[in-house]
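Each of the next two complexes has chain A plus one other chain: chain B in the first, chain C in the second.
Then we have the complex of A and B:
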């Protein structure tokens, strides 16, 4: 589709967002650059990488709000980082739709609790959740911790609780998770690399 | 990956097998396109489906799912019988000349030492002959009948083109065409890269498939070369990082390993892992194991770790066996597990045999979910009609669902497949009350610690003494954690050659793992990451994409572990005298004038070790060279052997038809009750395989509107021949059944899935994309793992998702 700059603005005025038109490849280069300047000049740009596959494409995320106190930031657009040596600005259909993951209606917003036998979730505060989980974990550990095996060898392990970690989590999360899990003696511990 | 995404542009030939990069790793596949356009590289695809990668290939060969070792074994046989190997490389840089113990043997599909009761091997005969000087015996002429080269040749002589065609269903001509193309890269200045993914790992013999691929690459001299290598296209964005950090039942960070019960003595634990060189003049870098281990213990336990208490050796849990995901779900089903925490993991969809997983979760006392999205696992107890038909009133598990941030709402680093540690920045606040994973871990941990302080309890020492030096203890900062795993000096670190020279002052960040010490003077949470955050700052955040040598190594972009090295084993890209095998693609070379190795990459070698010293390129191995013969490292044997998947259309293994014990892998672990859940070909005649689509990522993107629109509804793919036989038309709904359950989906009838002649019989394949479930914005569907068998690879326990049996019918 070939459009002139003037036609391009007419199409925009007809109610289609300029950035989605650009994403579809309909914008002439010049107009594209101009419109984006207008739109993104107000936005804060943050560099990130795609959380899906291991290509690790570089991203530019655009948000409203300048991250100052009392403002709320909201990401409204994500595109490929043209400086990135691997993806050089491109994204695949997954990366190109990332803003819909960030803003998915199915994002969890509050801690929830489901009681034994119940058919529903109930809201719970973070404090109550942490207290209750810590209690359950400690009681289970105290009751089932194995300090020595049948042969009297020191083994210091806890087998009745397990942990699965996330291979889309950052190294920093992975590191602190590993540290905590092993300090308790847990062996039933894996991440998606296992599957 | 031994190499990395951009480096693919340096190749002459790409073999994609056990993966589908064009669809699953599209922006990385771009570099295949680049190599094709600018180097005239060719692309060969071997796959059960004519994939999107196949669609742009120069040559495609079909294969039956699960038969890759037979195919690659055939390639090895071809290369050896046609003398299409890189002789100098094979002779100098591999164990081809090493002599193997006389007791080692292979007969009737089994290696020496098999115990059918235990379904495992006594591996003591799987080793080299050791001479009186303590070194392995070798025959540089490669003629000795017990040398690895001759044994390998004999082993794969059985993998004839006829046999390959019988087992794989690949037409002989197609197989030979692939062999001829691959063989061209045995020339010293030609390279092939192998790109593989879960199509190789998710088999009961997945690790051995990968080994066979690596053996092909060694025969051709393609490991260490630019444009070469064994390139695992990892699944998730940081699956590489979490593997490196050892978040697996048997590991510690940096591929250090947990002790077994019998390893009560700390010194013996270290000695076993700090292998001495098996040949004169070799480095055997794991000799430094103690430095890595002690520095880890200092990072975790600080002052509490001292020489007197063996650096808290007893604080680490010891293993009586593996506690991988499958073992844990087995134990859970038997009521032996009470609590489970799923941090960003959806096992109801990702672990095999959904009914077993669901029953196991129902036996838990409590389940804690930490996730940005509402996963199926978090609602395993909820009735979602046909897709999750359970009775909540009968499930007594307490469930917590804690909202976490996603990538866009946090700082931190992820490691891509090319081992690049890339820092990313927070762009927005999370929705509602969601918290970061680090804050959530801290919230739980600090409360447990407080309870131990108050009440005491079982062995509290490691919990009470775990280092936790964070400005805000309830919310450890990513910068603090990154500095901790990168490592710092606790006391001045001096040059071992000149103790008056201080290399790093106490309190400073280390420059790399060469500065680690085993006397408690350094702390480092993951030795292979050492230097990622040095006194120069956060090297993972670097953004200089300059490529001064034009060979795509961009050394100042982010940080690649280890030591910012971009291509592993790169010493092997040069001949023994230190000259690049292909001067046009010079990665590194020996600079005699300067007395060191220099070039476009960080040398994977002792920087000033001259070629005449005779040190070989595979410095992590005690041999100094790469292994064709895996010694005792693999469960199934030192040479990969083809075994059928646990659910196979064949009555016997065509390679050893007389031995029923070796139809499927004799060394894979199968739990007692699971044997009965395997289906047989009379009831389930078709081979099924699972895979991804380019529009979706596992079970996440069905929560994202655009992806839910582009691929809204569950479908399966069947070939035209099978569709005709079953009266199925495109668009019909079909039921796909295995012995464990069924799914219903729309049928896509396609030429892209061919029927093959396997062992004299027409064999059909059913393709099953895996992205749907009962949560999300897409149309609800069945979790694919309703169908898959509960058995894993004999080494890694990675489930066999890529080859199992089903039946199909129109509904």
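Then we have the complex of A and C:
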């Protein structure tokens, strides 16, 4: 297309003129706007308990997808459970940051074993872990169990092994854990919830 | 019917009036400084909800972390150690962030259509897809809140969780607050709640306890209960009487209309000259160009 000098000036003038008209308000934008879409609308909601301290706050965990067969779920948001009597929806800064704890590359996801003197942690199966714990418990209890004291009174103590339980357990789990540990004679028994 | 979840009250650099028939409830966040323990759960919940992560900062000698608001940290606890009177040290902790002014200086200063939007319920929201990164909102804000992101040259600040409020939920910071220092509800309810707190504080010896809801910006949708309401500057320089910078009204109120008038006059003069004098005759030798 051939454009003479004068035609070029005319095109430029028309362009400046029309954009100026828009600037004067003859072509205003519509006074509409939309907010960011609510990201939890159809996410899967799961209840849980905060793993940190003894307060035991209730959590709502939101994960990707609706649990249909072809979806790999992933937790992307955690907030307090408003129906939980302990925290009624609130969370402290550690609890509020739980989604990064869940997705941390350093999170422990399976049993690991470090042999005495070794620097290496080795992954083992749950079966191996349970077998090893049971074996060591049995050996230690057989060797060190105290059935009676000096005066001949029955005491049934086992003082060489201790148990530390987790805080995120329910009342029912706590009751059963207590019964199992005490019935074996263990006195050194504490809960991470007290820390 | 507008396809939007919140009714619009004002939109930056836009002259078309928004739909005005409906009047939804006006919301507000109340920050009771006397109840805040500075745990920063609100900072964490804000980042978590809004999918932001700030860099791990360095210690500057105070508990402020990060040291200032950033494009990734829309709220920051500001810790002030103040000797309110001889021998009486107080640790005043103020949650800083957008105040959601009824008369927002950022929106007035913004030249990009639709980059800043005020909802009828009181939320002032930034829409980054329309933001041109000029930073005029930072000049326009009486509280120095918006922050320009180095990543994408767009400005970010607290949205009052407009996406949560739009579906009837409370903002993330309010929900997480373990001490109940943050409260959310209608603006009227929040003023009533504050009155109860102020009466309580006055009984406890804080004679000047007051609500911070500054008139200079038409009132705010984020309000403070201050123990020392007569001296808001004690709380990390909270302005006593905030006003929109006169530069904004000079530019938008005087310079911009003058410019529009100038352009209009030039167009009119050109058209008038064309009608009266007609187009310039083209010389024969020039036609060959």
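Please note the rule applied: the second predicted complex is superposed on the first by the 115 of 195 C-alpha atoms of A that agree within 3 Å, B and C clash if a C-alpha of one lies under 4 Å from a C-alpha of the other, contacts with A are read in each partner's own complex, and residues count from 1 in each chain.
Criterion: a residue touches a chain if its C-beta (ideal position, glycine included) is under 8 Å from a C-beta of that chain, and two chains touch if they have at least 3 such contacts.
Small disclaimer: the values here were computed from a predicted structure and weren't measured.
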Q) For A:97, is the partner it touches chain B (first), chain C (second), both, or none of the two (neither)? A) both
Q) With the two structures laid over each other on chain A, which partner does A:77 touch: chain B (first), chain C (second), both, or neither? A) second
Q: Classify the contacts of A:191 with the two partner chains as first (chain B alone), second (chain C alone), both, or neither.
A: first
Q: Scan A:175 for contacts with chain B and chain C and give back first, second, both or neither.
A: first
Q.
In the superposed model, which partner reaches more residues of chain A, chain B or chain C?
A. B
**Q.** Residues of chain A contacting chain B in one complex and chain C in the other
**A.** 78, 80, 87, 90-93, 95-97, 100
Q | Partner chain C, residues of chain A touching it in the complex | A | 4-6, 17, 20, 23-25, 28-39, 41, 77-80, 82, 87, 89-93, 95-97, 99-100
Q) What part of chain A is in contact with chain B in the complex they form? A) 44, 46-59, 61, 63, 65, 72-75, 78, 80, 83-88, 90-98, 100-102, 104-119, 121, 124, 126, 129-138, 140-142, 144-145, 147, 149, 151, 153-195
Q | Touch list for chain C against partner chain A, complex | A | 2-6, 8, 11, 13-19, 39-41, 43-45, 48-49, 113-114, 117, 125, 127, 159, 162-164, 166-167, 172, 175-178, 260, 263-264, 267, 282, 289
